[in-house]
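Below you will find the structure I want to go over with you.
Each chain carries a letter (A, B, C and D) given by its place in the written order, and its residues are counted from 1.
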Amino acid sequence: MAIIINENTNVVVQGITGNQGKFHTRQMLAYGTKIVGGTSPGKGGQEVEGVPVFDNVYAAMEQVRVDASVLFIPAPFAKDAAFEAITAGIKVLVIVTEHIPVHDEMDIIDLASRKGTTVVGPNTFGIVSSGKCKIGIPPNQFFVPGSIGVVARSGTLTYEIVGNLTANGFGQTTVVGLGGDRVVGLSFVDVLEKFEKDPETQAVVLVGEIGGNAEEEASLFIKKMTKPVVAYIAGKSAPPGKRMGHAGAIIERGKGTFNAKVEALTAAGASVATLPFEVPELLREKLK
Amino acid sequence: MAIIINENTNVVVQGITGNQGKFHTRQMLAYGTKIVGGTSPGKGGQEVEGVPVFDNVYAAMEQVRVDASVLFIPAPFAKDAAFEAITAGIKVLVIVTEHIPVHDEMDIIDLASRKGTTVVGPNTFGIVSSGKCKIGIPPNQFFVPGSIGVVARSGTLTYEIVGNLTANGFGQTTVVGLGGDRVVGLSFVDVLEKFEKDPETQAVVLVGEIGGNAEEEASLFIKKMTKPVVAYIAGKSAPPGKRMGHAGAIIERGKGTFNAKVEALTAAGASVATLPFEVPELLREKLK
Amino acid sequence: MKLFEYMGKEIFASYGINVPRGKMVETPEDASTVAKEINGTVVVKSQILAGKRGKGGGIKFADTPEEAARVAGEILSMTVQGHKVEKVLVEEKIKIDQELYLAITIDGAAKKPVIIASSQGGMDIEEVDDEFIAKQHVDVSVGVYPYLGREICRRIGLTGPVSKEFNRLLGLLYKIFREKDAELVEINPLVISGDTLIAADSKMTIDDDALFRQKGMPYVEDRTSIEKKAHDLGLAFVELGGNIAVMANGAGMSMGSLDTLVHYGGKPANFLDAGGGTGIEGTTKAIELLLETNPKVIFINIFGGITRCDDVANALVTVKKNKEIPVPVVIRLVGTNEEEGVKIIQENGMEAYKVMQEAAAKAVEIANAG
Amino acid sequence: MKLFEYMGKEIFASYGINVPRGKMVETPEDASTVAKEINGTVVVKSQILAGKRGKGGGIKFADTPEEAARVAGEILSMTVQGHKVEKVLVEEKIKIDQELYLAITIDGAAKKPVIIASSQGGMDIEEVDDEFIAKQHVDVSVGVYPYLGREICRRIGLTGPVSKEFNRLLGLLYKIFREKDAELVEINPLVISGDTLIAADSKMTIDDDALFRQKGMPYVEDRTSIEKKAHDLGLAFVELGGNIAVMANGAGMSMGSLDTLVHYGGKPANFLDAGGGTGIEGTTKAIELLLETNPKVIFINIFGGITRCDDVANALVTVKKNKEIPVPVVIRLVGTNEEEGVKIIQENGMEAYKVMQEAAAKAVEIANAG
């Protein structure tokens, strides 16, 4: 078992002929991901890293079953590419691209929710079903099979933490990057629900950040979970982010600070690490 | 049993303070319909025919359970009113209004399909669950309980046929007016499926018209039905309607004529009446 | 409401779709002037609300301004496909590398707009095999994005710079379709001319029900004077040439009435759907309209729903009071407020039928007897 | 990108939202001219990218053009909420019957726009009880229709002609929000003045990531010169004032780096998220930027994903080749192409750490020793 993706997930790479697309196709293939095709308008019929290139996702799906797509498409064109994937019937869409306009992100997620597509990202490192399937850009060597579920807002910080987990003998079931933008497809709760149900996942690591109220919402669900949760919240010493006028204050009502998040998580029964490298130790305690 | 609505359906009348709204509220109440409220912006707190008036559907739903809404709203404002009902969570929406711009009709039906709302109409006489609930504008006296399901595109012609049915001892389970416009919420097939499943319905009367290919599509389903179907297609001697350029021809490809419809229905096993008043006789034969 | 070709092209051009240089004129002199401005071979196209103008002689080429004046004069004196020509469009002749077909219309069964495209445009598009035609439905809440245009190009085999231009044009055409409340926008042929695409023809139909919000849209009259009068009254009316004037409420009921009259050997003079809830005044005007067809008998067939029988009866009485009705009226009246309606009819010395076929038979009897 | 009040009001006015008559000026003389044109009491408002200007003395009234010039002069020499005032808006004083609040922003949790409205607008809106605030999410594929405005009016108790005007304005504000790629449009107060509504203030934030398609949008600089330089390089950079220059890839990693440095007793000079896949050139410029903060040590913390360790190593070598790096560099390098990167670092006589906390501790040690 694994959540969202598994060893049978057939993946298409949108934008496979670009530099990033090529590089990460090679990396994903090396990890064992089943990449059944790539797309690049007007380049149908070519091959990249031995993978057939199609003109678009529709053309790929005429030839082969496709379960998931990953976008290596520049921000101005990402919405169009995402719409193509969603309307073509892709069920898991991983959007690595950063700096997508937030209105485009809302449009993508609105359409995806109507068509039943799960969106990982935008601005995510992707999702890894350890040892089975990697869709996205994290370095291969740190993601090894095990029993820890990881869900994170940020990218490299997660590699750091996953690297520490692996070094300490904690492999992972699935590692999910929600994405660093304000509007992303999955929430902590969406993923925690799946980990709670996944028989292979024994404990969950949550990597959060200051700002927003995603961690506070997650706390409400963590309270009801049977599995132990260890969290790290980045930004204790970070400068305050920009505030969205009074409207931001009215929405947040005091949530979003480092302290508010740590308090909420602690009250919900999660262990909260002060620094990233403390996570494995707290996990060990929780699992005793 | 009945389809779409029944004796427990709580109905709100949108536009209850207008002339048509008032008149048909009185008629519906006389039929036994459970009208739990009406709406008219700025007139919340008033009463019409003993029915409380609310400012909008949201306000009504704060006070009482509402299952269905019927619109007596002028065409230019109908889309807005329909959107209000759909987003407020109404599950059955009957749109009597005629001359609604067709782009507005597409928008209404698109939103309804996303929110799981069944739209009867636009440009419909409504729907009658005989003896239980009438939502719309048909005259009360002709709709009596029985075992015939009726589904129709046109309005008064259906009263004519239902009147004949009733006069000949055939009461109805449910009478559904799809609506006379090119874009309406329900298709013949949608309703035939429900009648086929409804244990109280023994036979179905289908009232069609020339133009479009709704009757041809219905024929495909009728072929699979266990219950007998009698049809009447209006327009044998009607002038040809306007054609939509080559595009219309490409879509229709020869469908839409009187003969095409009669042939399709006959081949599917339905009896087709030449004139409206022949329907009861054909029904009697079918039910022998 | 159908638009003339030149109107559709004006709309296209205002949205950034390429059309041939040219101008609509109503006289041979103006045709010559336009041809001079264009300074090359021109095509003179009759402006009528029907297709197949070429086959009817309504489209001609001219190499000089003088010739343009001459052929314009010819065409302006023609009747093409039953339409008297009153305007011609004088345009530059364009280089044609390939003719595509592109239209957006409404698919009633799907309840959505549908894009129809083909690489084999031109006069015989209706005969083109389905495999060369791409149909693509559009979700109105999504709209048309480049990915959709790319998919259509892939399916009709359009590649290279022209496919990018096609995609741009498709987005604009959908914008026109939505913003102008069109039931149809059609370009046939859509001409590939070098790397550009030119809309060599236009066919647009605007939703009559949306004209109230289409400010600035030219009004195009496509009705006989009596049909126009009916339309202004909010009635659906078509002349049929027989001698039984017919009024019923509802399109289906009106068709059913015609079917029944024809069945009994009658000849309907018209189709008139008085609609629902027209009220006394509207109904009065509808009856007055029927008299203008000089029928032998008037057949009124009302099954009241939103229409109330007493309103219809009062309308009939009003017309009778204002002027003598010179022909017999056979009226059938059931439904909402039936009792009140029948009472009014009887009080005014007429008879009201309850059964449609009896009334229809009576009307036919009177018409065929006279 | 935040817009100045006067810019937001110009956008409002161009969409048909009422704003007070007035003009932005940069000198007392021009303030006097505008006051003369307005011919009545005016309000002179400092134009800075921060709120609570009134409490800081940045908003003043003037009854005559001379007084307008004087107070404009005063305000133009002020620093309000830490911002030097360089522009003032001179506007007519409007009659205030009631102050409403209206904003549209993005609710990240709901993934949708949210409309926030209150009948109790004004300076203390943040303290207003939730029961007086209506929040309404918007489906982007549906948009804002009058029914939604009516529902909001009902919830904030707005009735009569003003509610119709509110509804019209809400539709326009949503149009602005979408068409201008706004993250926030806020009117506080939205003033009821008789039967009209006037936007007495404006607050707008435009999505930086959408500026590429916001042609004609004025560019507003709200960064220090070094932050601006970073932004032009596509880097997220904030000055923090300490002595350890920090570069990491990813916002979370950058924050985690700061947290760790602070934990060990260090003082970060900056926050610098070098982002993903910046490449050699971008990374080179990022390192050069760090040197501009005159740190005692540079701490580079890379966990390569889309960023490749060899690119970072090559960038560091490039900078070293071009100019002497005057302070020690502590570099931590793991992830994509780690081996190649570490090799390059070592070949150039430096050391690469594998463990973040060891590297952080070393950087702090150097900084605090110096």
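In this section, contacts are C-beta pairs under 8 Å (C-beta built on N, C-alpha and C of every residue); 3 or more make two chains touch, one makes a residue touch a chain.
All of these numbers come straight from a predicted model, not from anything done at the bench.
Not counting chain C, which chains belong to the same connected group?
Ignoring chain C, the remaining chains still form one piece.
Between chain B and chain C, which partner chains are common?
D
Farthest from chain B in C-alpha centre terms, which chain would that be?
D
When I count C-beta pairs in contact, which pair ends up with more: A-D or B-D?
If we tally the contacting C-beta pairs, A-D comes out ahead.
From the mean C-alpha coordinate of chain A to that of chain D, what's the distance rounded to whole Å?
Here chain A and chain D have centroids separated by 26 Å.
Averaging only over C-alpha atoms, locate the centres of chain A and chain C and give their separation in whole Å.
The computed centroid separation for chain A versus chain C comes out at 54 Å.
Take the average of all CA coordinates in chain C, do the same for chain D, and state the distance between these two points in whole angstrom.
Chain centroid spacing, chain C to chain D, equals 54 Å.
Among the residues of chain B, which are close enough to touch at least two other chains?
Within chain B, the residues that touch at least two other chains are 111, 114.
In chain C, which residues are in touch with two or more of the other chains?
Touching at least two other chains: 141-142.
Considering only which chains touch which, how would you classify the arrangement: line, ring, star, complete or other?
Here the contact pattern is something else, fitting no line, ring, star or complete shape.
Give every touching pair of chains, nothing left out.
Applying the touch criterion to every chain pair yields A-C, A-D, B-C, B-D, C-D.
If you look only at chain C, which of its residues touch chain D in the complex?
By the definition above, chain C touches chain D via 141-142.
Which part of chain C faces chain A closely enough to touch in the complex?
Interface residues on the chain C side: 142, 145-148, 150-151, 154, 159.
Which residues of chain D touch chain A once you look at their complex with the stated criterion?
Spelled out, the residues of chain D in touch with chain A are 51, 101, 103-109, 111-114, 116, 125-126, 133, 135, 139-141, 178, 181, 183-184, 186, 188, 203, 205, 207, 209-210, 212-213, 238, 240, 248-253, 255-256, 258-263, 268, 271, 275-277, 302-307, 334-336, 338, 355-357.
Under the stated contact criterion, what part of chain B meets chain D in this complex?
41-42, 44, 55-56, 58-59, 79-81, 83-84, 87, 111
What residues on chain A touch chain D, complex-wise?
20, 24, 27, 75-76, 96, 98-107, 109-111, 114, 125, 137-139, 142, 152-160, 163, 180, 182-185, 187, 207, 209-210, 212-214, 217, 232, 234-239, 242, 244-251, 274-277
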